[in-house]
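Working notes, structure below.
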Amino acid sequence: MYEHIQQAAYKANMELPKLGLVIFTFGNVSAADHDLGVFAIKPSGVAYEELSPEKMVIVDFDGNTIQGTLRPSSDTKTHAVLYKHWGKTVGGVCHTHSTYGTAWAQSQRDIPIFGTTHADYTTVDIPCAPPMIDEYIKGDYEYQTGFQIMDVFREKGLDYKEVEMVLVGNHAPFTWGKTAAKAVHNSAVLEAVAKMALLTEQINPQAPRLKQALINKHYERKHGPDSYYGQS
Amino acid sequence: MYEHIQQAAYKANMELPKLGLVIFTFGNVSAADHDLGVFAIKPSGVAYEELSPEKMVIVDFDGNTIQGTLRPSSDTKTHAVLYKHWGKTVGGVCHTHSTYGTAWAQSQRDIPIFGTTHADYTTVDIPCAPPMIDEYIKGDYEYQTGFQIMDVFREKGLDYKEVEMVLVGNHAPFTWGKTAAKAVHNSAVLEAVAKMALLTEQINPQAPRLKQALINKHYERKHGPDSYYGQS
Amino acid sequence: MYEHIQQAAYKANMELPKLGLVIFTFGNVSAADHDLGVFAIKPSGVAYEELSPEKMVIVDFDGNTIQGTLRPSSDTKTHAVLYKHWGKTVGGVCHTHSTYGTAWAQSQRDIPIFGTTHADYTTVDIPCAPPMIDEYIKGDYEYQTGFQIMDVFREKGLDYKEVEMVLVGNHAPFTWGKTAAKAVHNSAVLEAVAKMALLTEQINPQAPRLKQALINKHYERKHGPDSYYGQS
Amino acid sequence: MYEHIQQAAYKANMELPKLGLVIFTFGNVSAADHDLGVFAIKPSGVAYEELSPEKMVIVDFDGNTIQGTLRPSSDTKTHAVLYKHWGKTVGGVCHTHSTYGTAWAQSQRDIPIFGTTHADYTTVDIPCAPPMIDEYIKGDYEYQTGFQIMDVFREKGLDYKEVEMVLVGNHAPFTWGKTAAKAVHNSAVLEAVAKMALLTEQINPQAPRLKQALINKHYERKHGPDSYYGQS
């Protein structure tokens, strides 16, 4: 019954080391089935080379394990909150401690939109959620991380359907997408954009943000109603 | 009839991920036949591992698809403009979002000529075309990108036969050459030179540009009438 | 009799080049058997591709070779001191000249705790032992390096069971753990954390250290009595 | 008659791309036989994957081709000068445009000795020869590059037997050693040390040079009369 999401989650997790986004167990991906109200997620602390589709743990949107003998990723509740509150648009969630994305998260700065590589994915700076208040940290931490992400989107007036990535301050990136594979794709894009943004500021500390006309153009050619990127 | 340029374009595109110049679909290469007045180019948004020679789309120098069922790269019109206006010298065009080249483009600075690695390829700073005016962006954007490139060459008095690379401000590099393979070669060189130039400024913010006698010497030993680099 | 630690040391040493932590012979790992009072360590100056389990040299905790025809690593006495004085908790020791860890050691700064990647491993800045006094350098240098490491732990009030890594000022990192494999794991984590810390300061020179509540949370979820990371 | 040096030069050249020191044809290695008064060197502009031992060109110490149909590396005369004037100690010479070494050369700064990684190889800053005077550049450039290297050693009072590496200002590194393999080894070490030195200055702009007692200790344990590094 859950094989399709276990396969999707397995494949997506195995992409992380290939894309250079993780060492050891520094990341986890999940794949949801919104009709069944569950998602498949990496077991906690298991090395990628020891994973198999059937080891993916099945969890519901409140974070309860439905099937599987292994403990799910310690970040499971964050995934659950996003699936529950953002709904069907989010079919996959990815979390890594990729080097440049994590450095921006640690620096507590949004990643400025400097070029078309960034604009091909989103029209705004990649938001960095401020560190969680102590009360929440001591409570249900991973559950609150989900709300920390949703809060920054609400405060900045962002749409999670158009901005599929976020930095959690002092922690690391989370990304999502229609599928687990797309969530992983977005993590790799975020890492590339994060590296380019730091280099841009090093080359020219006064580098201006991308001008609005270019932001609109690049986003629309990939995502607008008259998009002409890719095969349709 | 078009197999030779499809083969050349296919091989050249497949070099991009091997050389570490692209992830996913962040780049495209084309190969032209000026007698036939067409070029073969990567289809848009197709992953490199799914490419094959026959998937390369045949396009004329006005950007019209001549053969192929897939949509050509969204940057096709930029390639077309360069082939049409610069003529037979340009047999291949390459566009990537390589990390360091793109960071320089985002910083809107020319890459200063700091050493002989750079001078082995060109005697001037690698030019960065200023961002396009809004009117053109809203119009035929990729077509205008071709003119944006030609404009910066005219304004700076550069010869596209001697300087086979450019940064498009806020966007990323374009390179060209006698063949598609040479265009890709130039993209890898630009990326190496771009990285070294940033490191040079970090090591010594007062690092002087290369002196003229060395610029001339290195360029002439590779490209001059008495060149003695390589096998002739 | 020593096969089990030779195997462990061999496997652990072979991980170093795979993890990108060493070139040539820039590192060494040992595996101890505290009941036998000995450890197996890489022979000095032998390339990784020429290693085999039986080439691992058996040394006692005073640094005397017990078995083996090859000379043990020149850093052997440092390993010996840590096994002798810190006892059974330390089952493996790893030393590399990994790029970012070594750069921090050369800069003579502790690595600040900026994020949860760091806090998943330890709750404090990674300590950098100040350079050794000249008298000790001229004496039994590698032996004194062991005391240099223990001294900085004592002076800073750190527990080697909770902080399994150190920078030796002007030199390079040492790490340890319950097994040789864990010591190597810690070296890779230190290198990742060292790189992220430098990038964090480059992105935001005023980046604050991680707040205490987050430090505690991340460490406890992995190491505390109610830890819920990994499979137990 | 020349097979032994052709084999040595071939193997050494093939190491360059494996060690990440070159792309395309950005480097060349030679192997000398001082009894025969010749050396084998990479042919100019030939890709590494097309090399074979018999393609290595045999050249005498005045730079004349003795055997081979291909044109030797354009840097051949620089190699010849070092073999002729420095004699039997130099059995191999290596030249690359490796990224960090070249950036230091372009910045026209010596690489400061910051740590033991550097001291394991040499006790002084890695010297950077100032750019050549215009008169020499216009003359026999590659021949003069050899003297440019020897001049900086004489001016700084350095011994080429103890310091087997140099940066040629605005150009790139040259290294040498008893064999071609050792020359390549030194190029990889120089690149690692060059990267660590830049990172060290970025982490701590006031980082002090390594103190003399540590310089002496590390160098002597590897190279002194009572050396105890490696197998003897």
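Labels A, B, C and D are assigned to the chains in the order they are written; within every chain, residues are numbered from 1.
The rule is simple: contacts are C-beta pairs under 8 Å (C-beta built on N, C-alpha and C of every residue); 3 or more make two chains touch, one makes a residue touch a chain.
Remember, it's a predicted structure, so these values are computed and weren't measured experimentally.
Trainee: In this assembly, which chains make contact with chain A and also with chain C?
Mentor: Common contact partners of chain A and chain C, which must touch each of the two, are absent.
Trainee: Does the chain C and chain D pair touch with the same residues on each side or with different residues, judged by whether over half of the numbers are shared?
Mentor: different
Trainee: So chain B and chain D are the same sequence; what rotation in degrees superposes their CA atoms, nearest 5?
Mentor: The C-alpha superposition of chain B onto chain D needs 90 degrees.
Trainee: Indicate the whole-number Å distance between the mean C-alpha point of chain C and the mean C-alpha point of chain D.
Mentor: The computed centroid separation for chain C versus chain D comes out at 32 Å.
Trainee: Measure off the straight-line distance from the CA centroid of chain B to the CA centroid of chain C, and report it in whole Å.
Mentor: 46
Trainee: Mark out which residues of chain A touch at least two other chains, giving numbers and ranges.
Mentor: 202 - these are the residues of chain A that touch more than one other chain.
Trainee: Assign the assembly's chain-to-chain touch graph to one of these shapes: line, ring, star, complete, other.
Mentor: Drawn as a graph, the chains make one closed cycle, so a ring.
Trainee: Once the touch criterion is applied, which pairs of chains come out as touching?
Mentor: The list of touching pairs comes to A-B, A-C, B-D, C-D.
Trainee: Okay, in this complex, where on chain C does chain D touch?
Mentor: Per the stated touch rule, the residues are 23-24, 26, 43-46, 70-71, 74, 97, 99-100, 102-109, 131-132, 134, 137-138, 141, 170-172, 198, 201-202.
Trainee: If we count contacts the way the header does, which residues on chain C are in touch with chain A in the complex?
Mentor: Against chain A, chain C makes touches at 19, 114-117, 185, 188-189, 192, 195-197, 199-200, 202-204, 207-208, 210-211, 213-214, 217, 221, 228-232.
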